[in-house]
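Consider the two complexes below, in which chain A is the common component and chain B and chain C are the respective partners.
And then the complex of A and B:
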């Protein structure tokens, strides 16, 4: 029985799709059969980040409408075994996702997968509500910046009142904080909220801190989830976050300004 | 500002300002969480009814919604009537 995890944030551009791709890929690398679903109907982008944009034939809405079955729409990743992507539709029809339709697709996936990652659109409109409704756990992606933190708090309120678990009176959705685009030198200079600051305000468990990194743009440029770049700081930070998601206790890295060695100072790097 | 002041006054970092502002707004928004969406409209309607009879300011009506743990919601309504103007318009 699969665990359904929503990657959400409220605010746009904080790294939801990057994180969905990285975490989904990382879980599959560890041997868990994983599906990543793009809930951003009309603004499909997960396919680009995953590098499978030219292999999209059928999409999520086709499956809901019965125009294709799940096996036809799921794109099997060519790099990582056990990894599948369900792309969003490019339709402009706002009501394309029905609750019954989404539930049917998720139930069908649940039997075959270990993890289902729901990549939420920004905002609190129907698509975002649908992405979080069936979730067992939520990864709240946040930048250390005022509007992102405020929107994350708003999303936490919605998870606590509007999710299926809340409506059915079940155990609440497990909330995790994923702090992205973290810049330790700006934090040290007092120009950016620190991990501790954000944690104190949002008061949820910290899953990971992803440093602001050139590796992230390089990864999306080439359609390779950043976790596949095991040399990079961001890739390693995502890998740590995935291990924590699986219940391991992992020390936090990349929180402090890296001290440059004398050779690096002279020769750069 | 003298040179001495420059060293004495510890300039508040923008990050700590951000944290302070966030703590206030988040606490405020959390207190409103769980109240029904119709509350502002309800307040306006009540105010309109009262205004048919008494001249009151818009801030004279205070509507509080409280959700207790055991499925009991209390709607508390507080209207401050002016002293001198109790006769109908």
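And then the complex of A and C:
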């Protein structure tokens, strides 16, 4: 039975889709059969970041409406065995998702997969509620700034009260904090909240800290999830986060301003 | 299946209550204006209930009163504790007549006959309402007729209300309203005071007024002389 994990935030542009792609790909690389679902109906970002936009024929909404079956709509990744993407529709609006429809698709996927990653749209409206409703775990993606932390706090309240687990009185949704776009030098300058500041306010387990990195932009421009770039700081930080998600204890990296080595100082870097 | 266009549900809201001590509306306008200028954000558009308890059966010019409050960018919604006459006059200018439990206590009637009636009052203990987690932004908790204990924090944008005391073992960043039904000995206790608003029995302070010595410290908030008093939680 698959675990359903929602990647959510409240605020837009914090790195949900980047993180969904990286974590989903990382789990599949470790041998877990993984599906990433794009819940951001109308925008369709995930397929671009995964580099499979030209292979989209049917989408999530088609499956919900019974116009295609799951096997037709799931796109198998060409690089990583066991990785599948269910793209969003670009032509429909957010109301195209019904709770019954989403539940049916998730139930069908659950039997065949180990992990289902739900890439949530921003906001706290219908689309975001749909993405988190059936979740077993939530990766609350947060940037180290006040407005993003507030929105994450709001989402945590919704997970506690409006998710299926909450409504059914089951064990609560397991909450993880993923701090993204972390810029240690701006934190040191007092322009951004520190890891400790954010943890103090949100008070949930820290899954990972992803540094602000040019590797992310390069990765999304070339349609390669950033974990595939094992040399990059962001790729490594995502990999650490995935190991923690799987229960390992991993030290945190990339939290402090890197001191430039003597060679870098001479030659620039 | 036809979609319903609405649903009617009861709910609890916190409203500011204007306790009117005089019918001098000119004076009221002056004093209110001053008060509002201290925290305009808090007041603009705020729904206001006018408590007439202290006016006994004086005639009130509700039309002018209402307009005055509107001019000050408040939103008068109703009155409470009026006499029958006052209630009728208020209704005539579309102010609702609200029930307010406090101050409503009827004077005890003298016994009609000589038979001795022994009334045994059953002591009812209402255990506190306990919240095991952090109260998150957008959430509201109301502990009716009892104390509220929050083991986590109260986030910015969250609101905790109790008719009794409020104990917060984490940081209070949002709003806390104790003694909501008029219990003036209610207190708010918190491990760390960084509140947006604290209120006890209708007296409130917003964050600006709280940022003194005990900001960020363990503190208790009580009502004193119709205002608030903040003291350290741990006596050294």
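We take it that the second predicted complex is superposed on the first by the 266 of 269 C-alpha atoms of A that agree within 3 Å, B and C clash if a C-alpha of one lies under 4 Å from a C-alpha of the other, contacts with A are read in each partner's own complex, and residues count from 1 in each chain.
The rule is simple: contacts are C-beta pairs under 8 Å (C-beta built on N, C-alpha and C of every residue); 3 or more make two chains touch, one makes a residue touch a chain.
It should be emphasised that the depicted structure is a prediction, and the values quoted were computed from it without experimental measurement.
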item	value
Partners on chain A (chain B, chain C) - clash or fit	clash
Partner chain in contact with A:219 - chain B first, chain C second, else both or neither	neither
Partner chain(s) touched by A:153 [first = chain B, second = chain C, both, neither]	both
Dominant toucher of chain A (residue count), chain B or chain C	B
First (chain B), second (chain C), both or neither touched by A:192	first
Contacts of A:132 with chain B and chain C, given as first, second, both or neither	neither
Which of chain B and chain C A:161 touches, first, second, both or neither	both
First, second, both or neither for A:201, with chain B first and chain C second	both
Clash with chain B, by chain C stretch, listed 27-35, 63-71 or 81-89	81-89
Shared chain A contacts, counted only where both chain B and chain C touch the same residue	150, 153-154, 157, 161, 200-201
Complex contacts: residues of chain C adjacent to chain A	133-139, 152-153, 155-158, 170-171, 173
Of chain A, residues touching chain B in the complex	145-146, 149-150, 153-154, 157, 161, 187, 189-194, 197, 200-201
Residue ranges of chain A touching chain C (in the complex, touch as defined)	150, 153-154, 156-158, 160-161, 200-201, 203
Residue ranges of chain B in contact with chain A within the complex	13-16, 18-19, 21-23, 25-26, 29-30, 33-34
